[in-house]
Amino acid sequence: MLEKADQLFILLRNWIVGFLPAGWQAAAGVVLGVIGIVAVFPGLFAITTVLERKGLGRMQNRIGPNRTGPFGILQPIADAIKSLTKEDIVPLNADAVVHFLAPVFLVVVVFMGFAVLPVGRNMVLVDMDASLLFYFAMGASTEVSIFMAGWSSRNKYSLLGAMRAVAQMISYEVPLLLSSVVVVMMTGSLSLVKIVEAQNQYTWGLPHWYIFTPWGCAAFVMYAIAATAETNRSPFDLPEGESELVAGYFTEYSGFKFALFFLGEYLGMLSISGLGTTLFLGGWSAPLAALNWVPSWIWFFSKVMLSIVVLIWVRGTLPRLRQDQLMNFAWKFVLPMTLLDLMVAALWRFLGDGWARWVVCSAILVIVYVAAGRAGMRGKHFGPRTYRYAE
Amino acid sequence: MSFVFWLLAAITVAGGLAAVLLKNLVHCALALTVVFAGLALLFLQLDAQFAGFAQILVYVGAVAILVVFAILLTRSSETPKDGGVFSRTWGAGLAISAAVFAVLGWVVLQSEAGLPREINVPNVTVLQIGNALMGRYVLPLEIVALLLTAALIGAVIVAMHEKGDAK
Amino acid sequence: MTGFATPLTGYLLVAALLFAIGLAGALTRRNAILVLIGIELMLNAANLNLIAFWRYLPHPEALTGMIFAIFSIAVAAAEAAVGLGLVISIHRHAHTTDLDEMNRMKG
Amino acid sequence: MFTPQIAESAASGILWLIPALPIVASGIIALFKQPMRKLSATLAIGSLSCSLLLSLFAFGHVLVGWDRGSAVRETVNFTWIQVGTAHVDLGWILDPLAAVMLVMVTFVGLLIFIYSIGYMAHDENYTRFFCFLSLFAGAMLGVVIANSLLLLFMCWELVGLTSYLLIGFWYQKPSASAAAKKAFLTTRIGDVFFLLGMVWLFAQTGTLLFYNAGMGSMEALKLGGLLATPSGLGLTAAGAIGLLIFAGAAGKSGQIPLHVWLPDAMEGPTPVSALIHAATMVAAGVYLIARVYPLMQAGAQVGGTTVALTVVTWIGATTAVFAALIAVAQNDIKRILAYSTVSQLGYMMAGLGMGGVAVGMFHLITHAFFKALLFMGAGSVIHGCHEEQDIRHMGGLKVEMLGTFIPYAIGMLALCGFPLFFSGFWSKDGILEAAQHWSVAKTPLYMLVFGALLTAFYMTRQVSYVFFGNWRGHGEPHESPSVMLMPLAILAFFAIFLGAIGTPAWPWFRAFLEGHTARFDLAGFGEPGLPALMATSSVVVLLGLVVAWWIYGNKPTRVEDPDALERAFPTIFTLLEGKFYIDELYGVTVIAFYAWWARVADWLDRRVWGGIVAGIAWLFREGAQLSRLFDLNWVDGGFDKGCEELANSGGLMSRIESGRVQMYLRLLALAVVLLTAILIWSSRG
């Protein structure tokens, strides 16, 4: 019974496919998988928006959306209707074609990223050998679309935003890649499915998630930072810093295209947290051996939503960086630290089993990270903060 | 020799033509990305997954962006006032490249008889590639790494502002 | 649906065409950056050749062509970085990217 | 005699620290900046006090050993250079001699350091002074503990260097720098002989260690070898080497004829004079002789003596009288003391020569104390009289400077050898006794007695000039700070009571040095001739005191009126005042000789060698001219032609070099086309 629950969607697909002639079944299966992805993740997107607006509201001592539906949970639907019914304005001397292609390309690419994420046991659309590489290829392609958007709308805010975004994404792609390379190195495979399976084992009922190893933990921290920057989220949200450049690269977009960009952003968030979950948090594997009976996809999605919540929390907490701080942080702190982590992982690999490697590796990492952090923060003073909570 | 191949080939070639013919350099760059993507797909079609994804990652993700940056930094996106975008001696250039294509095509067709006909199926995994890189080709790998480092530093230094140079 | 004896020919011809196009771009355009674009095209054409041969010639498990292509991709990236850096610095000095005006090296 | 114990112990193990500490301290001080006065002084004094403690520890160790009835002689040796089979060893030694010397040097040195704080207070090179001072102390201690003639020589030279630095401390004064140079060169003359002796010793015995479990050069085996080998002038090798080494010692401790540097050395700061030219460095010569005493003594029958020792004795005795005579007629307070030092050193040498190690060393120790006392007292007087050194411009200071006068008087009496109560008496008495029993001749005895008379005389003269009579100086004299007086008091104490350890009744010192038990019995005075001798010397001393007091004592004088003696016998007085014109003698003989040689060499350089060099240079110039012409007309001509050709040909090429990138690319592509075409064509055909 529980197996059935676990494999629910697979069974469903096979059942539907069963109606078709044999020749078409493979293709139909793929199509169904695509449909599933395209159906599920935008739904999550809707939930996320509500979550974010409410949560931020609480953090910023506001109520947040509360008009549409009970507690305003129907807000996303209202938003959708609004953006769909709005007039679609294209600036007069904008580069119409590119201006149109940009959001489409973005959304397409982002969706393609999901194709390789194992959302559950046997639940991956394309199980290819180099799936991680594929994922990053897709991620890299988003930059082009962002540039297209910014450049094509002939607006200095958009262009500046695009430039910032692209520069930032390129800079943070390096640590993102490196911190995942650590995992790849330790697993010995680029295939996300294999990576998850490698983590889906238990000693004393505790899982072998990579985050529970020194190098994995360090890599996860770096990955989280880089991912936040990669998705242009606060505190790295300069590209759409409202106070400086109106809305960044999609200032000139309106209506449905704007919605697409919005969608693209949040899908990017979802997919990158999905990847993080897959790489470090054991993907769809249960946190305790005892909890294996819970369907795997539930675990995956709850982990993803959890990291989303963390992202929202961070956004509500941290102030925005300056451009130069951003770049310095990327190249002078995150990158070296990931490199160090790479070496430490190698060390771990060669120290062999036993407690020694735990001590050594964590010692190195803690010492260096703390020291580097202190060095970086020298001379910067933060006064005490005062909070006032909503009654 | 499937339909897919012809489609991809058409896309790629069209992108290439666009890349060299369009007036606006940014459009050229975007067309170039199309070419890259098309090539990557061709690679995939040749079962060269790794190369294909690397192609996308490196070219679409990095080189195209780099080109775009260069275009914007050098303000070459707006078409020059005087004359067209083609150099004075474009005729000669065209003739020569035509000659090159002629020769190459002629060569290919000439040697077609000697080419292998059947595909031998490679079941090549990323693991094998990794082993090859770390084993047989480790020295070239190191050299390439050195080259990339040198290129990185060189590019930074070349593009750096000299002191007193207005930004 | 092909007139060729072997599919390899198709790949080779496409590569040749791409190469020619790139060459034409490099030869006929005035803008330095576009010359670089043309060169990139030529390089990619070469890569296509490499992969195609790797795929069709015997012993693909030796991975020669594949590895060669990967290396050439890496080298091309370096080449692009340096070339564009040069173009930018030239533009900074001569305030142009027009190759017809860049003849200071005239002998 | 007990059997010497060679075993090593903690005491000898840490012995090397004693010199090391001050040297390290000086090294650190050298890094300090000028204004870090207090710190540098603290460091120097602290390090030296540590050395003092260590020395006391070592001394105690030796004492215990001696009490248990064994003559402690512990050596720590190690190979320094290994050349094939031959190897040069270094090492240090701990035996009664070294122990006593260590304690003396560190103790007196420490007092002098403390004194310097007050004396140099106003000097801007304070830190430099302490740097040099502690370097000197370290070097001196190194000399003391050395168990290898080589190591001793190294430290010896280091001592020479530091004394040079310290004498020339006020190098802005030309006289000071001159004196420094003089001291350096004069001692160097002695050192050359020393070096010769050392090399010879090494050549003969193959080792420079003094004691090395029977294999040392000062031990019977090697000495026998040395005695066996004869050398010129009817000397054995031992004797010859001994004499050479003695030459070095004479240089350091200002024996005739190398005494000239010592009086001039008074140009240095007074603490330096006290430290170097009274207590330690000049004593180094004596100590050296004591150290190599077995060598000097080698081959002597019981009661007999050797050539070397005889020479030492004669030179010592002569120096004693000679310097004392000069001292009578000096007017510079420090010069008087300097000459008295020279003469006392003469006493020590004579003591060594006639009575053996103990006698000489005993006088060395006592003298170190009271002479340091005198010098520091003089320094305090100079300080109080506004840097005035001429005793004729002083007078009546006993009122203003009572705190200085009392210790000074004690020191003076000790130096004169005032009967019974003062250390000087006993030590000098020991020497006289030795002279009395000397087998070779009695003359030294008489000389030394006469010397004692003179000593009493000139010291009384000086004291009455300085402390009695009326104030003839300018300005008001003032007492010195207590930091300067305190050491005086301490030294004065020792100047009185140190004699107790060497009375004939209880010859502890001799027993300690020679390693047999000493017991107290008054019968010691009863030895034949001793009472008479003691009586004579007391009488002599008193006589000198009285006469001098009668001549100079406590009568008002004026600066300009001549010395009483001068009025009596002008010629002699001027002769003495001119220090027997030794310097002038050297001036017209040795130095003139060198100057003449220098002129000759100069002439050779200018005329002969210079001429040859100039000629060669001329030749080369002419040759250069020729080759230049050749270059201009042939090589350059051809080269220019070649360049023209190249330029023309380049002109052709430069047509293609349009500077257009695309031009090049085009050519490249054309080349590709052609090559491929040719290739295929040929392959098909």
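Labels for the chains are A, B, C and D, by order of writing; each one numbers its residues from 1.
Just so we're on the same page, a residue touches a chain if its C-beta (ideal position, glycine included) is under 8 Å from a C-beta of that chain, and two chains touch if they have at least 3 such contacts.
Being a predicted model, the structure only gives us computed values, none of them experimental.
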| item | value |
| --- | --- |
| Which of C-D and A-B has more C-beta pairs touching across its chains | A-B |
| Averaged-CA centre spacing for the pair chain D and chain A, given as whole angstrom | 84 |
| Centre-of-Cα separation between chain B and chain A, whole angstrom | 30 |
| Chain B-chain C separation of Cα centroids, rounded to whole Å | 5 |
| Sites on chain A at which at least two other chains make contact | none |
| For chain C, residues contacting two or more additional chains | 23, 26-27, 99-100 |
| Junction residues of chain D - those touching two or more other chains | 662, 666, 669 |
| Contacting chain pairs - touch in the sense defined above | A-B, B-C, B-D, C-D |
| Complex contacts: residues of chain B adjacent to chain A | 26-27, 30, 33, 40, 49-50, 53-54, 56-57, 60-62, 64-65, 68-69, 72, 125-127 |
| Sites on chain B touched by chain D in the complex | 87, 89, 92-93, 96-97, 99-100, 103-104, 106-107, 110 |
| Of chain D, residues touching chain B in the complex | 662, 666, 669-670, 672-673, 676-677, 680, 684 |
| Contact footprint of chain D on chain C as seen in their complex | 23, 26-27, 32, 35, 99-100, 102-107 |
| Of chain C, residues touching chain B in the complex | 1-2, 4-14, 16-31, 33-34, 36-38, 40-41, 44, 47-48, 51-52, 54-58, 60-61, 63, 66-67, 69-71, 73-82, 84-89, 91-92, 97-100 |
